[in-house]
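Chain naming follows the written order as A, B and C, and within any one chain the residues start at number 1.
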Amino acid sequence: MSIRHMRSLAIAATLALALTACGGDDAAVEVEKDAKFPAGSTMAELNEAGSIKVGVKFDQPGIGAKKPGADAPEGFDIEMAKIIAAKLGIEPDKIEWVETVSANREPFLGNGTVDIVLASYSITDERRTVVGQAGPYYVTGQQLLTSKDDDSIKGPEDLEGKKVCSVEGSTSIKTVEEEYGAAPAPFATYSECVQQLLSGSVDAVTTDGAILLGYAAQNPDELQVVGEAFSEERYGVGYAKDDTEMCEFLNETLTESFEDDSWLSAFDETLGKSGSEAPEPPTVDPCP
Amino acid sequence: MSETAVLYDHPGPRALRRARLASVVGAVVVLAVVAGVFARFYQRGHFDGVKWEPFSDPDTWRAIGDGLVNTLRAAALAIVLSMVTGVLLAVGRLSDRRVLRLPAVTVVEFFRAVPLLMLIFFFFLASPNTLGSYGALVAGLTLYNGAVIAEIFRAGILAVPAGQREAAHAIGLRPSQTMSLVLVPQAVRSMLPALISQTVVVLKDTSLGYIVVYPELVRIGRQIYDNFFNIIPSIIVVTVIYVSMNMLLSWVAHRLERRTRRQYGKAVLSADVDTGAAV
Amino acid sequence: MDTLLDNLGQILDGFQLTLVLFAGGAVVALVLGTVLAAMRVSPVAPLRWAGTAYVNVVRNTPLVLVFIWVVFALPELGIRFSFRTFAIMAVGFYTASFVTEVLRSGVNTVNPGQAEAARAIGMTFGQTLSQVVMPQAFRSVIPPLGSVLIALAKNTSVAAGFGIVEATGTLAELARDFPQALYWLFFGIALGYIIIVAVLSGVFRVLERRLVVVR
């Protein structure tokens, strides 16, 4: 990226920072008014269009969840997407939110249904052969959600023979079954798993800690996240493969958000409601 | 129900008393069970205002409406496509030429034996780019119902009096012409009730879209109770919608069957094709 | 191909569960279906209404919804069983409504003269039904009953979304682990279902021939 470009970006960032500081506690992200991007880059196109299609989850509270009948989803991924869109000069209400479930994240990027994906999208080498993933912007790992009345499960070691719920076909359920001897109980969505946990039909729910925190935030009196993370999941922003300029733009935006507290605000507004402290922001991977 | 009336004698005074007693006891038992269930639900708070409140919110009903529209959309497209597929497969099965018949038989038997849920899931994974969840659901429904409809068509065509085919042959029509000009038009009328019943099956089967996260009615219902934690009210609402919709369609199918039967006698396929093969 | 063979054990486990669900569901469906059919033709009006209501509601409800009722609503009533039992109950209750209708139409095909004769020799309603009508009805319902039970076998796949890892659930898990072997896995597991359906069809065809109603 040229010096001139970096300077204008720095000015823009400072402006954004200053405006955010005056923005009050609404964490309303200030939209770039004079964003300049290299001609022909994806960012320039999006800036021209004034709108962006973002793939998110609609069914993960705290991360990406849309109430039935609501206009837009809410959650940590949504807030981060707003930050990125703002850097592109796009208003939050001009963002088109597309529901992406785990299986269609890559295809949607591939065929242009979405421009970027923020959907609890773990960075893996395999995925990086098919799409681009910038970040991470959040590091979590597989953890367990249990009932506050149940003290018997403090970590994955205690899962032998216990009924553990996760989503049909997810990697989490495989891990607890094969490595910790749990009895798998797959359901269609995490919310249903939580229902089963609340009604006592399963002993624990397992998936990324970030997702579990969202549920714990909804039921702080009845549910708790226990144990250390026993895998590592690094959430990244998905973008069309080989778009190096986009990768650098995303990394810049993310790193700025770590430094200027917008990342922290995003966390506190969403996942932080569970009572958990925000972790240290991660360091982004270099672009390929 | 005149046949079943012969199962028991015209009741005399003692039998009448006994029957009346049994009726009262039966009524009490049934009511007790129903009341018990309601009481238990009430106890657990499922009739609390807060659980039913989301249903006074027009946004919730908008979501339900969207779900219903999605259900009907998928069902409509699947029905149309499966009719086409079904006709093609049936014609193939009835063909004299083995090169047409064998593949048709294989396809029909394959799609009738494999669970619909698996089909939908497979299509979604095999081509997420082009199909998406709507496409995968419709593809699965089309192929499965196409196979079922193929069998209905086949039965319908076979039900056309043999004399029709012979007469067509006698006046020199080719087999393909016989099929298209003589048999199919007559067969269609007799198949109508069965086909309408099949639409009930298709409507029910759209609920299998859950495995590819298609936002049909049942999924929307789940989203509602995921959000508002009002499981019982939500599934009651969704169940009522489904049951009324399907009962209406079934009623239409049976009315049509009775009317057609009066006009055309036995050569009408029963509307009771729904053997419960939800998947 | 190798993926299929390597994981054959897991696939067979899945099918074992499918068969367990099928067997359990069939028993529930046949027993409950018979009871409901009896209720529907009985002289006691409330039983008739209850039976009719059950059939009309359950028949027109998608199986997925029945599963949701069983797995999510029953625990709220305090009824809590294993997921396997719940699955058997769900497919059983659902299929029972179809069994009822099949049996009822079977009863209607029995020559009324049979029932009249039974009454003439003094049999009660219960005896008429159990010793004269039902056995004959059963014979004529073999083919449609076969279809209903084949449907039951396939319907067990819905349990995959409700805490059970049966054959279809195994496909989901293996497809996630070995996405490149998707086609082999799909056709391999489809073959399993085809075999089950073929065996069932064969059994019913034999039954039909053995018990054909000679008029």
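The rule is short, and it goes like this: a residue touches a chain if its C-beta (ideal position, glycine included) is under 8 Å from a C-beta of that chain, and two chains touch if they have at least 3 such contacts.
Since we're looking at a predicted model, the values are computed, not measured.
*Asks:* Which chain has its C-alpha centre closest to the mean of all protein C-alpha atoms shown?
*Replies:* The most central chain here turns out to be B.
*Asks:* Looking at C-alpha means, what's the farthest chain from chain B?
*Replies:* Following the centroid criterion, the farthest chain would be A.
*Asks:* Which chain pair has the highest count of C-beta pairs that touch?
*Replies:* The largest set of C-beta contacts joins the chains B-C.
*Asks:* Please report how many Å separate the Cα centroid of chain A from that of chain C, as a whole number.
*Replies:* Centres of chain A and chain C (C-alpha means) sit 43 Å apart.
*Asks:* How many angstrom between the C-alpha centroids of chain B and chain A?
*Replies:* Whole-Å distance between the two chain centres: 40.
*Asks:* Please compute the C-alpha centroid of chain B, do the same for chain C, then give the distance between them in whole Å.
*Replies:* 17
*Asks:* Touching at least two other chains at once: which residues of chain A meet that condition?
*Replies:* Residue numbers touching two or more other chains: 168, 188, 192, 195.
*Asks:* Listing for chain C: what residues touch at least two other chains?
*Replies:* As it turns out, chain C has residues touching two or more other chains at 72, 76, 160-161, 172, 175.
*Asks:* Going through chain B residue by residue, note those that touch at least 2 other chains and give them in order.
*Replies:* If we look for residues of chain B contacting two or more partner chains, we find 125, 210-211, 222, 231.
*Asks:* Mind listing the chain A positions that touch chain B in their complex?
*Replies:* Checking each residue of chain A against chain B gives 58-59, 65, 67-70, 99, 101, 103-104, 106-107, 110-111, 168, 188-189, 191-192, 195.
*Asks:* For chain A, which residues are in contact with chain C within the complex?
*Replies:* My answer: residues 165, 168-171, 173-174, 184-188, 192, 195-196, 199-202.
*Asks:* Quick check on the complex: what are the chain B residues that touch chain A?
*Replies:* Against chain A, the touching part of chain B is residues 57-64, 124-125, 128-129, 132-133, 210-213, 215, 220, 222-227, 231.
*Asks:* For a test of understanding, state which residues of chain C touch chain A in their complex under the given definition.
*Replies:* For this pair, the touching residues of chain C are 71-72, 75-76, 80, 83, 160-165, 169, 172-173, 175-177.
*Asks:* Residue numbers of chain C touching chain B in their complex, please.
*Replies:* 41, 43-47, 49-50, 56-57, 59-65, 68-69, 72-73, 76-78, 94-95, 97-98, 101, 105, 107-108, 110, 112, 115-116, 119, 125, 128-129, 133, 144, 147-148, 150-152, 154-155, 157-158, 160-161, 168, 171-172, 175, 179, 182-183, 186, 189-190, 193-194, 197-198
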